[in-house]
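So that you can tell them apart, the chains are marked A, B and C in the order they are listed, and the count of residues begins at 1 in each.
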């Protein structure tokens, strides 16, 4: 899991009030918002996910062997919507937007759209 | 889980750039984006969900006996936001939007809104 | 988990058609849409979450001891998008929007943005 640190992204493309949608176009990765202060939070989250959704399970059929990654992707979700207010993302002190790689390392892309509310 | 195949939906109602929100107004079903190539991915996802959230559990109180469906619905989520760019949904080769029925078969409805970003 | 009952919120701020995004700026709480009729559904959901994501787990490193709350937050999600149609939120009979407190009691804030689709 990697936190978004691109300041360009955080400039909100001229949207003063509205929403920003951070979108993952992959099916074995996800986007989430969580604590961006202590990296141990990410460690614990991935530890739990790996235990809760083991890679090999009786009955799994998908030939690529990465069903666990697909399941994690749907549990965490393919996008995060962040509010924009006063020209800034509404991300409080501890919040960061994470790209969650569940089947990497791979070359990945993230898309963002800003929509104003007026 | 059924993938959305309605081409009318994918025409984006004249929105060239923005977002499309696919929304489930039910509390025992959900919307997710995942692989739309190998149906075994859906099989494995449902297998995991059924094992992780068994129908009958000690302590469950809900009289209808479908608490597992409600839990799955909140884990997967009631909507999916898909970006729209160049007049098309940003759905890569393997991505599909799924309606996830966790308490069916039932008659269900899905709503979609398109919002432009300019 | 508390259902949103603020009628002001439901007046949609003049948006007749579009979306409403309910957003949680905290990393140990979440927003979800689920049944708002029988409170036993909430009970069963929290029971499952507590069992699936126990507070203390071998290998957890986060010093604050609330990794379970962070994990639940990412599983359930930091926001819910509700469609707006005909000037009303598209919330069917059984649906309610819930603020999910996973590490309380604490003082919390929820933000909402309405975006019109035309």
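What we mean here is this: a contact is a pair of C-beta atoms (placed from the backbone, for glycine too) under 8 Å apart; a residue touches a chain by one contact, two chains touch by 3 or more.
In this text, all values refer to a predicted model and were calculated from it rather than measured experimentally.
Peer 1: Please categorise the chain-chain contact pattern as a line, ring, star, complete graph or other.
Peer 2: complete
Peer 1: Please report how far chain B has to rotate so that its Cα atoms sit on those of chain C, a copy of the same sequence, as a value between 0 and 180° in steps of 5.
Peer 2: For the C-alpha superposition of chain B onto chain C, the angle is 120 degrees.
Peer 1: Over half of the interface residue numbers used by both chain A and chain C, so same, or under half, so different?
Peer 2: Chain A and chain C contact each other through largely non-matching residue numbers.
Peer 1: Please report how many Å separate the Cα centroid of chain A from that of chain C, as a whole number.
Peer 2: 17
Peer 1: When you check chain B against every other chain, which residues touch at least two of them?
Peer 2: If we look for residues of chain B contacting two or more partner chains, we find 52, 75, 77, 81, 115-116.
Peer 1: Name, in rising order, each residue of chain A that touches chain B in their complex.
Peer 2: Residue list for chain A touching chain B: 21, 23, 25-27, 52-53, 57, 59-64, 67, 70-71, 73-75, 77-79, 81, 111, 113-116.
Peer 1: Enumerate the contact residues on chain B facing chain A in the complex.
Peer 2: 17-19, 32-35, 38, 40-41, 43-45, 47-49, 51-52, 75-77, 80-85, 90-92, 94-95, 115-117
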